[in-house]
Structure formats: C-alpha cells, structure tokens
C-alpha cells in the first residue's frame, strides 16, 4: 500500500512530457499543437464504443459537462490555482452569465455574441463589487464570503420575477447560423465548438499573462502575500484582477451554456457546481493550466463513462480532494518541474 | 550627506509590550548603517514599521524627507525601501530568476491589458526585467541557480537570493535583517565584501546583524538598541568602547558564545 | 415590508430567537474552539452537526417511535431524550475527532498551506453530505413528536412550551459545563494555552496533537447535543441541514469575535433574534440572505467582531 502511495506521489507525467517538449523542434511543436486542437474539434465525430458514453449522448456530454467544466476550471484556476485565492462561489459568475443571456436574449432579443461579452462584463462588475472589499480578508474568511455570495445569487434568482423564480427561464434563443452551422438544442456540436473556441481563447490569454508580470505577481501572492507586498507587488490590485478575470470567464461560459440548454433554473447553480469546479482544479494541479484542463476532462468524463461513478460523483470528488491534499497537494500534473534538491544546511545535493 | 531614511521618535506598542520607545535613527546616502542589539531589542520591529507593515504608536518615518506613514507596503517598497527577512521568506515555488524578476517588476509600468496584448513596452520591460534579474543573480554569485525553485536551494544561496530579490527593486535603502545568520566565518567574510560592493554600487544599507566582527568591519555607523530604546550611536570603534553597550550587549554575546 | 407582524408577534419572535440562538451557540462554540487552536475555519463542522441529527433520528426509529403515539410523560421523555442527546454527542464527537485525523492532521504536520487545509476540509464536508444524501435518499426525515407542545404558560405572544424550556435549560447547562472544562481540566487549559501561543505551549510541554483532538471532541460533542435540540424544535432533518445552520453558527461566531467563547454565545443570540425579526419583516425567503449580509458586513467592517481582541498581524 505504501509503495503504491509513493509511486502515486512520485509519478510525474509533466516531467516526461516536459522533457520531450523541451527537446522538440519548432516544427514538432507546431505539429503537436495542430494535432491536439484538431483532435478536440473532431471529437464529436469520434463517438465509438471506446470513447463513447453508455448512458448519455456523447456529443452532448462533450458540451456539458466536459467543455463547460473545462472552461470554468480554467477560469477558477486563475483565482485559486495561480493566485491562491479560495473562491467557493464561482458558480455565481457562471449564473450571472447564464441569466444575462437568458434575460437579454429571450426578452430583449440581444444576440448571444453580445451576451457573451455582456455576461462576462456583468460578472466582472459583480466581481469588483464583491472583491474590492472582500479581497482584503484572510483566505478562510474570503472562502466563506464567496460561498455566501454564490448562494445569494442563487437565492436572488429564485425570488426575482425577471429570472422566472424557481421555474427559471425557458426558450432561450441560440445564435443565428454561421457558415451553415445551425445552433440549436438538438445538435450540441456547434455549441461545443463555440465553447472550445472560447476555451482556447482563454487559455491563450492565460498563458500570455502567466509567464509575464501579472503571472509572477499572482504567484508571489499565492506564495506569500505579505512578502509580495514588501517586494512592491500591488497585491490588492492583482488579486482583484485575478478574481474578476476568473469571474469574466465564468460569465462568458455561463452565457454560452444557457444558449445551448435553452432553459435554465436556479437549481442548476448550486454550491455543488462551485465545488466540482474546485475539484477539477485541485485534481489536475493548481496553477498548471494543462493539468487543470486534463483534470477537468478526466473528472467530468469518467462519471459519464463509468456508470457507478455517475450517481456518486460528488462523494468521490469530496474524497478525492481530501486524498489529493494529503498525499499529492500539487495535483496530478504539478506545475513545477522536478529538479535537484539541496540539503538546507550542508548544501549537499539530495537524491530523491 | 543627505539623509535618505529617517526614523523620528518612533514608539511601537503591541498590546502592553513596548517594542520600541522614542527611537531616532537615520541612514545617509552611501553608507552602511548597522542596527545591533540583544535578542528582542526591537530591531526587526524597526524594519516592520518603516516598511509599513505595522502602524507605529507614535513617531514618524521619512524617506527622502517625505513621510511614508500610512502608505501601503508595496508603495513604500517602490519608493525605495527593500528588505530581506530574518527567517528566509522566498517565493518557494518560483524559480530563483522569477523571484528576482518579481522584485524588478516593481520598476515596470506595464499593466494587465498590455501583458495580454503583448505591447512593445510589455516586451521591452519583460526582457529588461529578465536581464536585470540575471545580472543580479550573477552579482550575488548564484547565477547557476537561476532556473531552480527557490525552496530547493541550499540555505546560503537562499539568503543570497533574498538580497538579490531586494536589490531588484533598486531601493534607495536596502534593509538587511541578519543576512549572515547561519553562515560560516568564510561565508561571512564574503558576504561582508558583497555588502560593501552593494554600498559602492550606490545603495545605502541598513544592516541588522548579530555577528560583531562583521558589523564592526563593514559599518560606517552603528546604532544600538536595547529593550526598545536606542542606547548608543557612533562609529564602530566608539561603540566597541562604549560602556553602556558593553554592559547591555557585548556581555550577553560573550556569555552566549 | 410589513412591520405590523413584528409588533404583534414581538414576544413570540423573541422567545424563538433565543431558542434558536441557544442551538447556534452550541454549534458556534465548535467553530470558535477549533479556530482558536488551528487558526482555521473547520468547514466540515456543519456536517458534524448533520451527523448528530441523523443519530437522534436513528435512535427514535430504533426505539420504535412513529410520532402517532400519545406524548410521553415528562420523566420518561427526559430519559429518552437524554439517551438520544448523549448518543448524538458521542457520535458527533467521535466523527469530529476522526475528521481532524483524516482531513487535517497530516497537513498540519507537513506545514501545508492554509489553502490545502481548507480544500481538504471542504472535500471532507462534501463527502459527508453526499454520503448522507445517498444513504438517506435525499428525503426530508421527520422526527417523531414524543412530547406535547402545548404551551405551559405564555407572555403575550410568547408561548413557553416544554421543548423550548428544555432546550434553553440544556444549552445553558452545557455552556456552564464547557466553562468548567476549559478552565478546570488539564486538557482544557491546554486548549487555552495553544490558542494563545502554540510555540510557547509546546515549550511548556503541552501535547498539541492531543489538545487539538480534544478540541475537536469537545466541539463535536456540543454540536451533537445541539443537533438533538434542533430535532426536538424543528422535528425534521435532511442531508443538507448542516449547510445553513453551519453558516448561521459560523456567522454568530464571527459576529461575537471568532476565537472568543463569550463572543460566540452573545453572537448566537443576537443572530437568532435578528433572523426571527427579519424573517417576518422581509419574508422568510430572505432570511438566509440576511445572515450572509450580516456575515459579510461584520467581516468587512469589524472583523474582530463584538468581543474579539484585535487580531495581531502575523510576525515577520
């Protein structure tokens, strides 16, 4: 048992792939990227007994939960993984985006293309209103406040008229065709492709930010907020940016989601969603974008594939979070490279 | 000489504990000022107050003759006070280079949007941060650690990395809190030389240190704290012959070692 | 908004507010005690309470109560109730100890970040909720009425029923007991020592592991008793009963000043009253929003709460 545990805590896919990537030529890297992206766009056509899901339509599984959760996990990763801000109310941003499109699209005829942006914008505004005061607080207080925020948004949606109360909003419009691709409820492919594009945009943005000044500021804040301050990092500003950028991604994803499902109700936006997204981030490896993507895919796909997991997924996810934090806090794909370690006192290299 | 950092009548109380009482200190351009005193004398508390971590009960802190009281720590840091920590506090999961770059970032202007778009300024500043950080690692003699995670570095290199990170802010005054703690005599000598080089490069230094021979060798001026009060100030030789200091401090060290 | 009900029902609402506050108090003590020794919010504490409610419920089923029989006499009832409360206290207390062992201990030893500990606790919390959801089939479970709820006497609109009286007396008894434990026993003094200064406590020879286990035990036992009182008062439970109750109790702890025992008690009664009054003024649907808003405002504007000592910044 303990040797299994050691093997599990030592195994590192990132390093083996990382080694290949370091040595790859430019052409190889481009080829790899193209293949990967092509694979994801082609996924809806790869519904076969090996990949397919037994209970549910594979193509709709690709959209929800897979793509939706990957998008949210990527967004939450900026907040929790990169900056170390524990946000337990992430679903609120998703809900704000979803209701933005549901209300503006259904009652005012605003197209999804605007509503993705508006949903993100409203989520950002909510993020500023909540974050500006709340981000001053210590981590565990912040966790509770965000948790409360998530619930408040749901309760408000439950009690307002414009949101349709408990019955929610139905008949949410899909966007008009582009290139003969029809967006509708029956065919989830176009929405999947849309979400995939959204995800790629977000990942691209994240990578740019991550390896530049904001990325360093976020990591410094995660590592030691006081020291970051002493080193001239405007911690409040960067924490707020992380919070609202994460929120904007949740909002955009929410708008696309509501367009695909065509009807939403407050029950879709419970605390469970926040926790499932958190589990994806934790499982994949906080702060490592590829780990988070892979983690979200695995965690959302497996319950659809394996029947015994679908009913009990939250049970397993909860357990998973405890186990991961106990024996592998860096997640399945840690963000950092394995490397030489030195004895703190003697300066001798320690072999691991 | 111009006084870069001035501490006037500083009093700091924690609940009932008076950690600092009416302390006056200053650091002038081009000097290495030392702050010594027995354990618990209040040395680190001085650093914590001047860098804006604690609000003093009374008194004022001037940087370039302007009060920095009430400013946020990050603002004070960018105005010219950078520090190291008695118990090393690096960004453990970042590489040595990234640690230092985080420091040099404080001199940059580019914001979030610029970083996403990748404006020419953002690219310029990135490469500037990068080269400056690499230079500083080289200066501290740890350029071979550049790509390693800070928490995996050997102890001595962690201390050196802290200094490099603080220097990256290009501070007016560099605050060093026991930088030689845990060093062997040879390393202490080297560190002393390095601190002198830092001063000669144009950074004033305020040094907290327990090792008397190091302090006496490199400091231009020494202030002594005891139970939160300044009991003496002067050149190293004056301090060495000051009876009050010998009573309060040197005796303690002799007993301990 | 309708203030007229507030006036006509004022005494009744006040009584209920105090009763609910007493239940919150017992739960919020668990948050505050654990916060004292770990400097962490125990996210899974609400589930410790939830486990207690199902323990009481389970015993009522084992005893064969259906809720249709004649109410018990007071002596017999007290006997049955005491058994239930003790069992819930023991089960919740043991669960809390186990929780600390599984979700916190290793992380604490490793010196893991606060973030890791929080995530671990949240994971444990969700595991427990989901486990109970699956095993109790997501149903509302009714607790049989074993005691007549006819009022004994009344003051204006405040109807004093036996259950309310028992809860108030029981809760005050437990608080008194806790006070004795914290101040008079060795482990209790250990809790205080670790809360004040862990490093010094270790130097003084305090076994921190044991003190922390003991803290979880005490907090868990109190939550267990609280759960039986809750069942007596509300007569129903569900797998997610801990969520809102936990938030309320936590809010109460923060309101009083987290880490401060007296504060937790006062905060609980204040919150209980505010909830009762506001739910008739704004409508019951907004009760939980009111709680959150209070929590947010306290944390933002007076994070030390009503009685908290100024939280020192960590030393650098």
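Annotations for the structure displayed:
So that you can tell them apart, the chains are marked A, B and C in the order they are listed, and the count of residues begins at 1 in each.
Criterion: a residue touches a chain if its C-beta (ideal position, glycine included) is under 8 Å from a C-beta of that chain, and two chains touch if they have at least 3 such contacts.
A quick note: this is a predicted structure, and the numbers were derived from the prediction, not measured.
Core chain by CA centroid proximity to the global CA centroid: A. Farthest from chain B, judged by the mean position of CA atoms in each chain, is C. Note on chain placement: the centre of chain B and the centre of chain C lie 47 Å apart, centres being C-alpha means. Our note on geometry: chain A versus chain B, Cα centroid distance of 40 Å, whole angstroms. Computed centre separation for the pair chain A/chain C is 33 angstrom, with centres defined by C-alpha atoms. Residue positions of chain A touching 2 or more other chains, listed in rising order: 226. Under the contact definition stated at the top, the residues of chain B that touch 2 or more other chains are 53, 85, 89. Each of the following residues of chain C touches two or more other chains: 316.
Chain A makes touch with chain C in their complex at residues 80, 84, 86, 88, 133-134, 136-137, 139-141, 143-145, 147-149, 151-152, 155-156, 158-159, 226, 271-272, 275, 278-279, 282, 311-312, 314-315, 317-322, 324-326, 329. Put simply, chain B touches chain A in their complex at residues 51, 53, 72-74, 77-78, 82-83, 85, 89-94, 98, 101-103, 105-106, 108, 110, 112, 115-116, 118, 122, 125-126, 129, 147-149, 152-158, 165-166, 169.
Every residue of chain A that touches chain B in the complex is listed here, in rising order: 205, 208-209, 212-214, 216-217, 219-220, 222-224, 226-236, 241, 245, 335-337, 339-348.
Those residues of chain C that touch chain A in the shared complex are 40-41, 43, 102-103, 106-107, 112-120, 122-131, 134, 243, 247, 250, 254, 285-286, 288-289, 292, 295-296, 299-300, 303, 314, 316.
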